[in-house]
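Read from first to last, the chains carry the letters A, B, C and D; within each, the first residue is number 1.
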Amino acid sequence: MDFGFSEEQDLLRAQVRKFLEDQCPLEQVRQIAAGDEGYCPRLWGQLAELGWLGLTLPEEFGGLGLSWVDLVVILEETGRSLFPSPLLSTLLAATVIDQHGTAEQRQRWLPALIDGSSIATVALLDEQDYLVPQAIQLQGAAGDGGYRLSGEKRFVQDATAADLFLVAFRTGPGDDDLGLALVPRQAQGVSVADTEGWDRTKRSGVLTLDAVQVDADQLLGAAMLGAPAIASIIDYGALAVSAEAIGVCEGILNLTSQYALDREQFGSPIGRYQGVKHPLAEIYVDIECMKSLVYYAAWALEAQPDDAPAAIAKAKAYAAERTCNAGVAGVQLHGAIGYTDEYDMQLFMKRSKWSRATYGDEDFHYDRVAGYGGI
Amino acid sequence: MDFDFTEKEQAFRAEVKQFIADNLPPPEQRGEDFEKHWHAKLIEKKWIGFSWPKEYGGGGGTLIEQFILKEEMSKALAPDLGSDFMGLTWVGPALIRHGTEEQKKEFLPDLLNCRSSWCTGYSEPDVGSDLGSLKLRAVRDGDDYVINGSKIWTTRAHVARYIFLTVRTNPEAQSRYSGISVLLTPMNTPGIEVRPIVNIVGQHHFNQVFFTDVRVPVSARLGAEGEGWKVVMGALANERSGISESTGMERHLEKLKELARNSQKGGKPALQDAEVRRKLARFETQISAMRLNGLRNLTKQIKGAQPSSETSVNKLLRGILEIPMADLAMSLLGNEASGMGEWQFDALNFHGTVIGGGSPNIQRNIIAERVLGLPKD
Amino acid sequence: MDFGFSEEQDLLRAQVRKFLEDQCPLEQVRQIAAGDEGYCPRLWGQLAELGWLGLTLPEEFGGLGLSWVDLVVILEETGRSLFPSPLLSTLLAATVIDQHGTAEQRQRWLPALIDGSSIATVALLDEQDYLVPQAIQLQGAAGDGGYRLSGEKRFVQDATAADLFLVAFRTGPGDDDLGLALVPRQAQGVSVADTEGWDRTKRSGVLTLDAVQVDADQLLGAAMLGAPAIASIIDYGALAVSAEAIGVCEGILNLTSQYALDREQFGSPIGRYQGVKHPLAEIYVDIECMKSLVYYAAWALEAQPDDAPAAIAKAKAYAAERTCNAGVAGVQLHGAIGYTDEYDMQLFMKRSKWSRATYGDEDFHYDRVAGYGGI
Amino acid sequence: MDFDFTEKEQAFRAEVKQFIADNLPPPEQRGEDFEKHWHAKLIEKKWIGFSWPKEYGGGGGTLIEQFILKEEMSKALAPDLGSDFMGLTWVGPALIRHGTEEQKKEFLPDLLNCRSSWCTGYSEPDVGSDLGSLKLRAVRDGDDYVINGSKIWTTRAHVARYIFLTVRTNPEAQSRYSGISVLLTPMNTPGIEVRPIVNIVGQHHFNQVFFTDVRVPVSARLGAEGEGWKVVMGALANERSGISESTGMERHLEKLKELARNSQKGGKPALQDAEVRRKLARFETQISAMRLNGLRNLTKQIKGAQPSSETSVNKLLRGILEIPMADLAMSLLGNEASGMGEWQFDALNFHGTVIGGGSPNIQRNIIAERVLGLPKD
């Protein structure tokens, strides 16, 4: 029993924090967010060099072979600094390829994703915005020894940055009829459009497939993987967003506590008022709880896989609800200045709303918790 | 107790409804010139400044009739009554109470004819919205005041022709609330500079306004020197029932219900979800209470009571309601909540309207201190 | 449009408040609550003499013929003083008899209920604790030109004080098969037991009917009244409890505001802390809203009957939820002393919980509001 | 990071489980003498004072083993570990750290053998639970202290044989926290009077204790004169992880789920109600977080960190959770909520436990001031 980070993990955190503070302070975040690409290729290259893109991936492909607990350390820091990049998408896609891909597929894609030369993302949802494998509608018609895919994928994270999409599709109505296709950006019939959102540090888009031919070797794992594999992607995504959300809340707490100390009214800092103090104390409590829930879920993912879905559902439910609350409280405690574009609080608040919605909000995950808890 | 309207009031409501039916196209059909024509018709009906005395060009309507007019306009999603919200809400009533004949002649007709454009200068950097703490200094120099300092969060300062400017003329006054005066100041006076402040949704409404040796003639002062506090506080006496808080929320709730009707939750129609249903019912109940609170306040005003902190109740309720209403909308939108639609806009923008009239915490302080008599912190 | 009380109503309020302050201060409330009867027959006689028992009943039977708005004035004051008496039960029963009774039944019972010589109550719920007419299960077997009733009625307000029960029963499965029987306490087969509850200023009990014979003239209105008549009793009850709840909240606000002014910490009253101030401000706001909703509902009951059920559902939903909240906040703001028996706060807190549950809690009524609001 | 237990720890858990299976009947079968026999067995196992050093008669268990022991006992609905909660929680650890050999010999064996009965005197009238403000005066007179004043909210003072009494020995000390001493005082000392305080549910736990010229020998002082603050603060160092907060809540949640399974809502099974389901899921999530918070704190302690304000997090969570959990229970009970069952009792009684460890607002202040560094109000 040891519910703490190792010295190596503490070092990793310090390294990541320093890198992001030096290389991507909030002015830089704003610049990247204002650009078309949504990320900085130069910094992306540095991430690859530092080994972070392959943190959890096997050493044989250039990865570091570390655990999801290590990854959480990085994600807390990218959340804290609102670092805009397709890190989360690429890590998810790479994880899925590593887990389910054939030897050839892993060899073909993992080195490129780890060395930063390729960016990948997962395309799950289409018409129905309901985050379960059963809601996936896109049909793959058998043909030419593979499948032909037509339709639209919505809410594809980092769609415009990616050159590889893991596209979920089905060949029939059953849970076993679900598969993932490896579709390169440049394949015939693929087009991508950015979806404008309030949080420009997180990009999302629509992927349109117009009779895209998927050959047999592009079917991930050379088989229809079925609903459980798809569900696990949602779990990975929910956990990753929750880990970033810890950092987002810490950013909100730091910014707002500092404001409460600096800003004076009637000759003393507004931080002395309980109306300011108490909401800040609650954000602190929420961060502590989010850390506990996320760290445990990340550990369980590898060490107690049976317990992982429930643990992740709890982590994301809590993170969704309370990060959103922290964003609202943070703006309100700042008063008018929190409502301005030039002050940084708004960046965190917008991210808090993104964190709530992405990979399932609290209602979605509390419904899952209820199910797992025998309720 | 009687919630029925008199025959005259009912007839007036019918008239308003008919006018709307005849003149107000639905929002999506309103062209570019629409507001201009619409305002011209309202001017003709004297429905702009409708409750102002007839002698000053107002419509001479009763408080109840004004309520009916606003309620019907709100239901029909009509634009504001008049193009100069700040001028009509703050400046006009203050002019009628405290203005000299010259000032009234100069400003009232423009207000009523949609030719004016006012901003109001209350908040200042570092002192927040507490008028008692304002610092902007105006020093008497012959027939002029010379103004130095700055105002902030000044809505529309970049397009307004005049500013209803609160200044401190006597820094040695005994109370923090005396020694304040109001100056009706043209925005093109030399020495005034406007710095835009862009808000969270990328809009430019706010500004910081800098005053450097700005000279304003003493004749521009509204009311007696040092009595600015009274001028400002009296200005809103005409509309203190808090009704305006509830009509907007009613519209908002209708939109939210519509969204819920067309949304899914957990793969099923959202309206089958007990929690969604109860949240909507709770909003509906709270908004009904707001509307009725407004009518109770209106009754008190009609019976001659001076309204005091009543509006704080509805202001606080609005502040408490807007965020969770937007929040429910966001949850109904699912992944689309990260996009840029109307609801997503509201969810961000409410942070501004919540702060606008004084944050919820400020309303709570007002109620606790002024109504319940608890000590200041 | 006049949303205020008349001078007469203001006078009535002053009279009731003075009477209760003089005759039944909280020490007296505690004494009555500790007794077996649950009310003070002497005070009950005075209420009758003052005309309050017949406030809303026709003058021909000795009543004052006033409106529910007038009644609300009285109930706010009985709530504020936690006055323990079967007033609410008797008024409800009398109202129902007045509305639905035959000429003989009205003549037989109303004068006695108005002059205080008789106390009545309504017995609606039996096995299933679900406050809709459809949940009423007690069967009336036709016989001897009337009905024979056997079973148990639960949650009967002021059961031990009453000498007349309006017993809801059914003769078949339909909404039309519901009726009310006028059952005197001394009828053969009737027994009554007190149910102990935390709020001893409000009594409730179980009425057991063992083959009780109900003759034709004991059937209220000489007909099976059907579900709507039963539903209207629930509405009356919900409105009356909501009106008393306003007073309960006022009692909590007064007691707690005074404590916040009196109690000092570090040399100044705790009322200066926002952690104390803000919850008190919210109780004030809730009282204002409850007043608006209750007054309108009381007016609508007679002037806009179509709108009354929705208006009452809103009033009771709000009152249930927020009165309970005020009770919790009131105790917490008092600290340890609020948790003692000797301090009066606990009396109000217990009543707040009673007010929530009785005649439907917020969930029950919000579900109704949703239905009426087209949700 | 590793949530697995060592083989030794797993063996210990198995031992505890076996012991429970062999010795602990279900609650409804526990007779009058049950606790006596149960405690005798615990004493034999050295599971009372399990983490105390062996040299003082403790069990010498590790923090993790103690956690396992408590967790299993809680799951099995076992009574407290020992009959003298106050003595074992506060007095024992303080004695071990600060007691003289005589004091240890006099008091520790009784504590471990369930023959002691302590109360603790912290709170005073008018100063609340802030130890820094305590006023109860003890004046040195030869080899005695003479005590005058009063303590309040003293749980079990009416049955305790001793009081762990905090007094002010030096009113002129520089800091509010120095000048305090702890006296181990027999309750039968002349001049001590106990006034019962009945609580909201009619129980007598609390008392006010009056001290009039009470003489206590200097040898009864625990620790150095004026160092009482350190003695008290150190006393709880053994159990500061906040785990005890979560185990109780876990039991409570199980009961609540059971109630929900057997309840109706709106004429349908309550578990079909989306809001009820989500409320339960939210409680479950928050309680999981509490448990994990406790384990994280435990890890910090094992690694040698001095625990500070960590427990405030779980204390605040418990305070925030208990009321809504009771509230959901009351809503599931419907009309029965006005009766006198277990849940109704809890719904009232939680008001006391919430206040017990310092109200939620006090925990918020502690976190804001000690962790976030915000200024005192």
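Annotations for the structure displayed:
Keep in mind that, in the parts below, contacts are C-beta pairs under 8 Å (C-beta built on N, C-alpha and C of every residue); 3 or more make two chains touch, one makes a residue touch a chain.
In this text the structure is predicted, and so the values were computed from the model without any measurement.
Between C-D and A-D, more C-beta contact pairs are found at A-D. Taking the CA centroid of chain D as reference, the farthest chain centroid is that of B.
Here the spacing of chain A and chain C, counted between their Cα centres, is 54 Å.
The distance from the centre of chain A to the centre of chain D, each centre being the mean of the chain's C-alpha atoms, comes to 41 Å. Centres computed as Cα averages put chain B at a distance of 53 Å from chain D.
Along chain D, residues 266, 274-275, 278, 361, 364, 377 each make contact with two or more other chains.
For chain C, residues touching at least two other chains, in rising order: 273-275, 278, 363, 367.
Across the complex, chain D is touched by residues 1-6, 9, 69, 253, 257, 260-261, 268-269, 271-274, 276-278, 280-282, 284-285, 288-293, 295-296, 298-300, 303-304, 311, 314, 317-318, 321, 363, 366-367, 369-370, 373-375 of chain A.
In the complex of the two chains, the chain C residues touching chain D come out as 125, 128-132, 134-135, 154-155, 195-199, 202, 204, 264-266, 273, 275, 324, 328, 331-332, 335-336, 338-342, 346, 349-350, 353-354, 356-358, 361-364, 367.
Interface residues of chain B facing chain C in the complex, by the touch rule stated above, are 1-6, 9, 64, 257, 260, 271, 274, 277-278, 280-282, 284-286, 288-290, 292-293, 295-296, 298-300, 302-303, 313, 316-317, 361, 363-365, 367-369, 371-377.
By the touch criterion stated above, chain D contacts chain B in their complex at residues 266, 273-276, 278, 377.
For chain B in complex with chain A, the touching residues are 123, 126-128, 130, 133, 152-153, 197-202, 206, 264-267, 275, 323, 327, 330-331, 333-340, 344, 347-348, 351-352, 354-355, 359-361, 364, 377.
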